[in-house]
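Here come two complexes built around chain A, the first alongside chain B, the second alongside chain C.
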Partner chain A sequence: MSDGLYTQLLDLACGVFLLAAVLVLWRHELAAIVRAFALQGVALAAIALLLGAHEERGDLTAVGVALGLLRAGVLPYLMRRATAVPADGHGGEEVRETQPLVTVAASLLTAALLTLLAYAVGRPLTRLAPTPATHALPVGLAVVLIGFFVLVTRRRAPAQVVGFLLLDNGITATAFLATSGVPLIVELGVSFDVLLAVLVLQILTTRMREAFGTTDIDDLRELHD
Partner chain B sequence: MTHGLGYVAVAGQVTVVAAGAPLLTGWMRQVRARLEGRAGAGVLQPWRDARKLLRKEPVTPVGTGPAFRAAPALLAATAAVAAALLPLLSTDTPVSGHADLIVVVALISLGTIGLALAGLDSGTAFGGMGASREMTVASLVEPTLLLSVFALSIPAGTTNVPAIVAGAIHQPARLASPAGLLAVAALAVAVLAETGRIPVDNPSTHLELTMIHEAMVLEYAGPDLALVEFGAQMRLTLLLGLLSSLFVPWGIATGPSWTALVVALVLFVVKLTVLGALLAAAEVFWAKIRLFRVPELLAGSFLLALLAVTASYFLNGAP
Partner chain C sequence: MLHPSEGSALVITPVAAPLVVAAAYALMPRRCAAAWPALVPPGTILLCGSLLAADVVGAGPVSACAGLLRADALTAWMLLVIGAVALIACGSAPTYLAGERAAGRASERTLRHYHVLVQAFLAAMCLAVVTANLGVLWVAVEATTIVTAFLVGHRRTRTSVEAAWKYVVICSAGIALAFLGTVLIYYAARQAGIAEAQALSWPTLVARAGGLDPAVTRLGITLVVLGFGAKAGLIPLHAWLPDAHSQAPAPVSALMSGVLLSVAFAAILRYRVIADAALGAGFTRVLLAGMALLTLALAAGLLLAQRDHKRMLAYSSMEHMSLIALAAAIGSPLALSAALLHIAGHGLAKSAAFCGAGRILQLTGTARIGRVRGLLARAPALGGAFGFAVVALTAFPPFSLFASELGIARAGFAAGTGLAWATSGALLLVVAACAALAARTARMLLGPAPSRPSGLAEPGIWPLVLGLVACAALGITTGPLTGLLHAAAKTLGGH
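For the complex of A and B:
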């Protein structure tokens, strides 16, 4: 693969990666949020595969394939099961994140500021070793910040889980772009951690819905018998 | 380019936009009608409407001032000047040195502000409401228009629109970058909002809960109404033309030759026909979003434009 093509494809994957985070912030429907998250998983896998192909490292390619399976396949599938409307017809409004703590317009503008902040703090890091991959490093930082923002401003538990996963995607992307690939064993450990966390959160969400009929976190403030 | 041919190109641009604007609107209405299973009024209907309105006696409401009378002419005139400046057919015209991005956006918003003032001037409830809504939309649309083109102007190193377009013709890779893709999405949303098309405003509605553009022009009648409609149609043509020249620039003449100019003309008409058909088809399947969610949509497109600018600055290792 020529250098120019590699740079272009890497930039394109990073652009899609960032765009998917913005889409998560933009949309109200949980189903659409999960779709955007799956898109981000594909972009993340593409980043890993591109790095693997560029540096001709087989283990990195394997990590990319595994990442793609996990982040674009298994995790969105689990999320979709957690957000599915129960068969008894209750919880019709559960499929939408209706009232985030910050309005969507304001949170989009905040995301713009967070992106600029990520670029500002990423510049010294980029200057250490200017390659196409490190130039894209701020994108990973921006997704980390946007993930934090989603995590703290959403009310519904599934939307918060997506925020947590955005954060983790951002960390993974930053690791890949900064170090040209983490060791296989580390990536496997992190991936299984995330999978386990999502499984636990899914069980929690189901329990919450059974107990309270909703996944709105604010309802958990009062003590119940 | 010899100066004579340059002036021909400018005149051609203005003529094509002016004569073609009602036809484009008619074409879009026709596509919509066919997709909805209606026969449609024909492509020439906007011209027939204009002829009918021009024959009527000019009437202005009692108590309206100069803003009300000047707005239609201002709207059409700014659109015509912008049509002369933008590189729709050729990037090498006598006026292309003045075709700065900021000038073009300022011209477009001057027409918007004129119309909003006219809506306020009429003193009716609808006029004021429409003007306030239009300004809400405009305050988010103008920065988006500027920013999304800035993303393309960073690799070109200038905010001169013909220079940006000429650069894009010679280096198509600039458009396939993430910055280009984000910018085209942002600019498309901004163009839809600025021209009052469906996700933001319904151009064929007369329902007071939803209208933005229509509410401002309710008091107009006769030739003034014809001019307002004509101005709005010209803006649609102009902004779709801007979108096509920035992102599908191939075929626009860059040198002094008659054949290039003719090819550019034909391709411009084809591009606008396709864009108009796409937009009309999309409008059939979209619903207009609620007014409260319009700022959300526009903030999203502003964010896309900002990301485009940052991406074009930081990715690519651009200087």
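For the complex of A and C:
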């Protein structure tokens, strides 16, 4: 692959990666949010595969495939199960992120500001080793910030989990763009932890529905000082 | 001196022993969930900790598994603290669990889950202190969040589900920041020419920290301190702590408060050594001192208005963690020794206090301080143990928290004007927090017993007494541990 093509494809994958995060902010239906998240998983795997092809490292390609399976396959599947309308059928509003604390227009504006912030914060990172990959590195940081934003402004439990996963995708992308990924044993440990965390959160969502009859985080107000 | 293979067995066993017992509990026939096997791993961890202590003080660090696991003096110290606190927590668990069963809040099945998760929790904490790889360290600390999530939410009531949700979301998101920080340090290390296999290894990073890019390291360290600070209960991501500590079963609260917070803080202490070598001492000093003072102010303020005794103990943990952060900010050998002694003293006293609070909750059926009266008259041994634990937490002599707070204060006043001011501010806040703690506890302990006699037997008080005696003994003399304490402080850069 020529350097020019590699750079263009890498930038394209990073663009899709960021766009998917913005889609999560834009859409209301939880199903659409999960689809956007799956799209982001594909883009993340593409980034890993491109880096693997460019550096001609087989292990990186394998990691990319595994990441794609986890983040575009398994995790979205788990999320879909968590967001499915419960069998007893109460709550058509359960499938929508009813009223996020911040309106969609303001969210999109915030995403733009967070992306600018990520580019400002990422300057020393890019300066240390200016390559096509590290030039795209602020995209990873931007997704981390957007993930945090989703986490604090969304009111449905599944939407918060997507926020956490965006945050995590952002970190993984940063790791790939900066250093072609962390060592394999760490990557395995991290992926395993994230998978378990999502399973735990899914079970807790079910329990929350049992205890509160809804997955609205605003109902969690009994513990305070 | 040990044979190398014996040394590496000592490094692996603290992680393996709890895992084996956890597997045994998971595979055991449905009916029996005996409590005694749970006491084996804490004993093993204590034993390995003391053997390693003897070894590393004389002969330097021991490593195993191709350098992934490594024990130095700090590891041995933390293993001793984990083992001691786990012994208190697991020792008082049978009485507590019997009480839960009698009240119909637990069944054979939930008891088995409880034991499996607690043992996995111990294994994760031991892994976090015996690993030399900063990536594995992160994985272990995040694993503690996952295994304790269901322990926090075990009662499945509205409040415990809420606490578990907040715990997992805030801790996982917070600690994700620490992972981003780890990635950035790794990036800086790779760019400094360190090979991939070594670029997350703590000893290598400490030795070659001078070559790390300052701007990237600064960003990385800030994220790491914020992230592990979330797990250690420091501002700004502390909100999970009082909820989780108040909802978890008492022995789990004891473990979380007594050692989990310190294990997370030990990670910050390790990164601090790298940061100071790469950036100079000023940067982490300002960061840690700022977080310490803000956390302390918040904890003191909320202690003054507290009406729930388990939340009161949780805020007291935040108070003590911020004192340890202040000591880390000071960073002199005296301050670091005092911080490590404070970790041990706080672990022992706080686990005794939480186990006592759990029994009080079962006895009185309420966590409201105002509704608990005349505890000393109703249950003298339990009330006495709880009272002494709180006295220890307010840092009265002879308990070791007195010695360590004195050490932190002396180091702070010797360290220059800025830190002296920070120390005086911290001392004022500590006095306020202690006054609040003492006044609330006095209301619970004193007063006449309620008219009907409770007729309460008080078994299972021995772990609390043992913990308090150990805490007092540490306050009088560190005895055979003196060498280890100084070696551990030296590992952390206190030369």
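FYI, the second predicted complex is superposed on the first by the 222 of 225 C-alpha atoms of A that agree within 3 Å, B and C clash if a C-alpha of one lies under 4 Å from a C-alpha of the other, contacts with A are read in each partner's own complex, and residues count from 1 in each chain.
Here, a residue touches a chain if its C-beta (ideal position, glycine included) is under 8 Å from a C-beta of that chain, and two chains touch if they have at least 3 such contacts.
Bear in mind that the values here come from a model prediction, so they are computed numbers and not experimental data.
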- Message: Applying the document's definition of touch, where does A:L101 land relative to chain B and chain C: first, second, both, or neither?
- Response: neither
- Item | First, second, both or neither for A:L18, with chain B first and chain C second | first
- Check the contacts made with chain A and report whether chain B or chain C touches more of its residues. C
- Task: Once the structures are superposed on A, label A:A84 by its partner contacts, choosing first (chain B), second (chain C), both or neither.
- Result: neither
- Task: Determine, under the contact definition given at the top, whether A:I185 touches first (chain B), second (chain C), both, or neither.
- Result: second
- Scan A:L167 for contacts with chain B and chain C and give back first, second, both or neither. second
- Task: Based on the superposed arrangement, let me know which partner A:L109 touches: chain B (first), chain C (second), both, or neither?
- Result: first
- Message: With both complexes overlaid on chain A, does A:A120 touch chain B (first), chain C (second), both or neither?
- Response: neither
- Message: Once chain A of both complexes is superposed, is A:A136 in touch with chain B (first), chain C (second), both, or neither?
- Response: first
- Where on chain C is chain A touching in the complex? 68, 133, 135-136, 138-139, 142-143, 145-146, 149-150, 153, 156-159, 161-166, 168-169, 172-173, 176, 179-180, 182-184, 186-188, 190-191, 196-197, 199-200, 213, 215-216, 219, 242-243, 246-247, 302, 305-306, 311
- Task: In the complex, go through chain A and note every residue touching chain C.
- Result: 121, 124-125, 127-129, 144, 148, 151, 157, 160, 163-164, 167-168, 171, 174-175, 178-179, 182-183, 185-186, 189-190, 192-193, 196-197, 200-201, 203-204, 207-208, 210-212, 217, 220-223, 225
- In the complex, chain B touches chain A at residues 173, 176-179, 181-182, 295-296, 298-300, 302-304, 306-307, 310-311, 314-317
- Item | Complex interface listing, chain A residues touching chain B | 4, 7-8, 11-12, 14-16, 18-19, 22, 26, 103-106, 108-109, 111-112, 115-116, 119, 126, 130, 132, 135-136, 138-139
